[in-house]
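Two complexes are shown next, each including chain A; its partner changes from chain B in the first to chain C in the second.
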Partner chain A sequence: MDTSNPAPFVNAELLKRYPGRRVRCVLKVVRAEGNSSLSGLTSDGLHISVKQVPSVASLSQFVEVIGVVDSDRTLRAEICTNFGDTFDMSSFNQLVQMANSEYQSLFI
Partner chain B sequence: MYSAPYGSQADGGSLFSGGGFMPTQSATQSADGISRKSGGTQNTGLLPLTVKQISEAAQNSSDDTFYIDGIDVNNVTILGMVHNKEERSTDVSFLLDDGTGRVEVKRWIDGQDTFENEQIAALQDGVYVRVHGHLRSFQGKRNIVAFSVRPVTDFNEVTYHFLECIFVHLHNSKANGMAVKGPSISSPNYGNPVGGGAPSQYVTPNMTGVGGSMDECQKRVHSVFEEPSSLSSEVGLHIDDVARRIPGFTKKQVKDAIEFLVNEGLIYSTIDDDHYKSTNG
Partner chain C sequence: MGISRRVYPLVTLNPYQGNWTIKVRVTDKGPLRTFRNARGEGNLFNVELTDEDGTQIQATMFKDAAEKFYPKLELGKVYYISKGSLRVANKQYSTVKNDYEMTLNVNSEVEEALDEKKKIPEFCYNVVKIDGLGPHVNGRELIDVIGVVQSVSGILSIRRKLSNEEVPKREIVIADESKKTVTVTLWGDLATNQGEKLSSVVDESPVVLIKKVRVSDFQGVSLSSNPASIMQINPDIPEAHKLRAWFSEEGKDAHMVSAGASLPGGGVRTGSRSIFADRKFLSDVILPTVGDGKPEYFNVKGYVSYIKPDQAMYYLACQSCNKKVTEDSVSSKFWCEACQKTYEECSRRYIMTVKFSDFRGEAWISAFNEQAEALLGMSADKLSELRSQDVESKVYSRELEKVTWVPYVLRISVLQTEYMNEKRQRITIRSLSSVNWEHESKYLLEQIASMKKEA
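After this line comes the complex of A and B, so read on.
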């Protein structure tokens, strides 16, 4: 058991709360720039960019990025997982908000 | 949707709990200060949990039982990413990381079952899996002995799992088996995503098509027919009953609204032309 290095669920708004920390965030991919960075929309509808994307064969429409917060609008990726083309961002966004407020004790 | 009470004596709950491990005492307060319920209501079926909750579960020092939110924990369901997979001849083990922490999961291999072998082959580092298993403590470390390890294919299940963890936590900690008055959790839209749309309140499925075009009176009348008491009535409602329940509209308006709803296929007449019932009932 190890809970010393959690990766909280975030959207763009909550990214600011975790500078330098490991977080996880589902993005709707807007475009892949080159083969190591991408830009996408967070579940609260804001653009962020992701650096050091591990080379993935192909990205689905929705991608989960686990990585370290570089700035308010940039993530440095560690793991990217394809979340398919049908992911409900509004439900996810509600989960993100609950996991960082009222029910934070269950998560981090 | 969640009518089955979590934490009550569900018949299925004891199926996997393994006879030897069931606490039989009905202590209300154990030595280490963990309050629990008396015997009989302790079997909890399958509890959805985060790894953080598992790590914080209180453990009875005398036997091998865990408590979360005052409830016995036997079988759990967790969801996360596979790391450090190790395959041996008798078992496969890995660390499951759900973003709140990591826990060791072990699955014994029968060796005979080809379906089982296929499942294990599908387990690779970085894959999201849903694990059903038994929580236990071994040499002071908590781990999960899995009955089932299944890759996640629809990732709305990730959202769903954590919402369910919140719901069950609320259910067990606040309500103790009574109806939960928590915040309404809109469950993720399995297989029918509404990408980007505003979170919508639950509406009866067949209202969505015409809801926008109904006037106030028609909506009010329709909602009267959709009330549980109206749905359960054999003969439905009399026009006068409907009119009485929505003051402020004339009987003529109510009649017109009913005619509209009949034409839309939302209600139908029952024993005579004055009684109507929802087609949902």
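After this line comes the complex of A and C, so read on.
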């Protein structure tokens, strides 16, 4: 298992901490733009856009995007995984906050 | 004024970098208080600051700084602030989620931001839905709730036993899309001023957002305010609009149920219990002191790890009364002692033990017909058919293996019994349910929060 480049859990406000780095984020799909972009809502309630999404049409309501941070509000997708149509964003947001502060050593 | 306009996100601030400016809204303002310690006395007050990203931090001002900034920092307004100092937060005095807290002194710079006030959210909130309050009962964290007001009581005056002062109290009932209601008790100022306002508009079914309430188990679940709580009537936020839309479409005629009814200590049905109330790990339950004399009840979450294929599994049962029947080997009929009748046929009912494991331990647990049927996914009659047809026992043992490692929450009874002069512990499944991961996650978050507070 390749553990050389772990992708930390992020939400919108944490994107700016990892510019150009690979991160993972769960989004609620708001709108598909074209056939390879989407606009989504992060677990902290902000909109970000994702480019280079493979097969936008077959995505469920909640999607995990693993990709590179392009700007404070955009991601360039590498892998998208369907997480179904129900997902507890508030618990996930707490996970993201904990994984990036006091429990960071457990994750990275 | 010389403030560098490069605005830093609150989350990047730390004690070692002093040259920053933040743009924040005062989302909470405490009263001006006096303190006295070994070094002297003076005034102080706290504010809660929130920036565009939703990060919050508590800022305190002492003595001269308190005098200077108390009139200047107004609740709800946005300011550019710089030249404050940061240090690690003293969690005893702060209710804000931030590792650091800020102090402003007389040299700090505070300038009202007259531009783009809309960018910073008016206040931060993270609401828990009324039917999701269960895992938060008796938790240490203060939570936020939002709902449509169903009723507002008059002001009651409670006399505090200790200080003998009168404290005003008002009870309101709120409901949300889960069609569940919960009572919120407002104390002090919230009960008099804002409570009065709420009372005057109650006929319009206003939406109310209440931040930082405590969740107790009174009547199953109830919420109560405290000095840190903030109430907003009809706030301009998406959740409020959604609630209003739901209410006018179906909510106003819907039949509501109290959220506390399905929780322990609440409602008439005390048979149904919250699956978090008596939650234990298997390592705690198998101790020899448990269930000594009287049966004790717990909830455990874990997995069936093993079912022994060569155990009795089921008994022959009377189809009328479910008690054990004896087979007459000559006539192939079944005699029921309880009914005093002979029957042509009998049914099979499960009586078996399974090995149940969680990450702390394992135990052998008995399961009777209903629960065993749920665990195995087939009736005892079907299983016995399979077993008799299966010559090499391969299909049979595979069926038993198939159902292992499925997560369940079990309600179990534990009792110490004596069997042939030996003390043995008998654990039985009373009921089982599949795991609701959303609720389990919330329960874990509560546990983490309370462990942190203890540390």
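Keep this in mind: the second predicted complex is superposed on the first by the 104 of 108 C-alpha atoms of A that agree within 3 Å, B and C clash if a C-alpha of one lies under 4 Å from a C-alpha of the other, contacts with A are read in each partner's own complex, and residues count from 1 in each chain.
Quick note on the criterion: a residue touches a chain if its C-beta (ideal position, glycine included) is under 8 Å from a C-beta of that chain, and two chains touch if they have at least 3 such contacts.
Quantities reported herein were computed from a predicted structural model and do not represent experimental measurements.
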item	value
Partner chain in contact with A:D2 - chain B first, chain C second, else both or neither	first
First, second, both or neither for A:V68, with chain B first and chain C second	neither
Touched partner set for A:L106, first chain B, second chain C, both or neither	first
Partner chain(s) touched by A:T81 [first = chain B, second = chain C, both, neither]	first
Partner chain(s) touched by A:Q94 [first = chain B, second = chain C, both, neither]	both
First (chain B), second (chain C), both or neither touched by A:R24	first
Chain B versus chain C as contact partner of A:V50, first or second or both or neither	neither
Chain touching more of chain A, residue-wise (chain B, chain C)	B
Partner chain(s) touched by A:V10 [first = chain B, second = chain C, both, neither]	neither
Shared contact residues on chain A - chain B and chain C	45, 88, 90-91, 94, 98, 102
Of all residues in chain A, those that touch chain C in their complex	12-14, 16-17, 44-45, 88, 90-91, 93-94, 97-98, 101-102
Chain A - residues contacting chain B, complex	1-4, 6-9, 24, 28, 45, 62, 64, 66, 79, 81, 83-84, 86-92, 94-95, 98-99, 102-103, 106-108
Chain A-facing residues of chain B, complex	50-55, 81, 99-104, 126, 128, 141-142, 154-156, 158-159, 162-163, 165-166, 169, 183, 185-189, 191, 193-199
Complex contact set, residues of chain C against chain A	9, 11-12, 53-55, 97, 99, 126, 128, 438, 441-442, 445, 448, 452
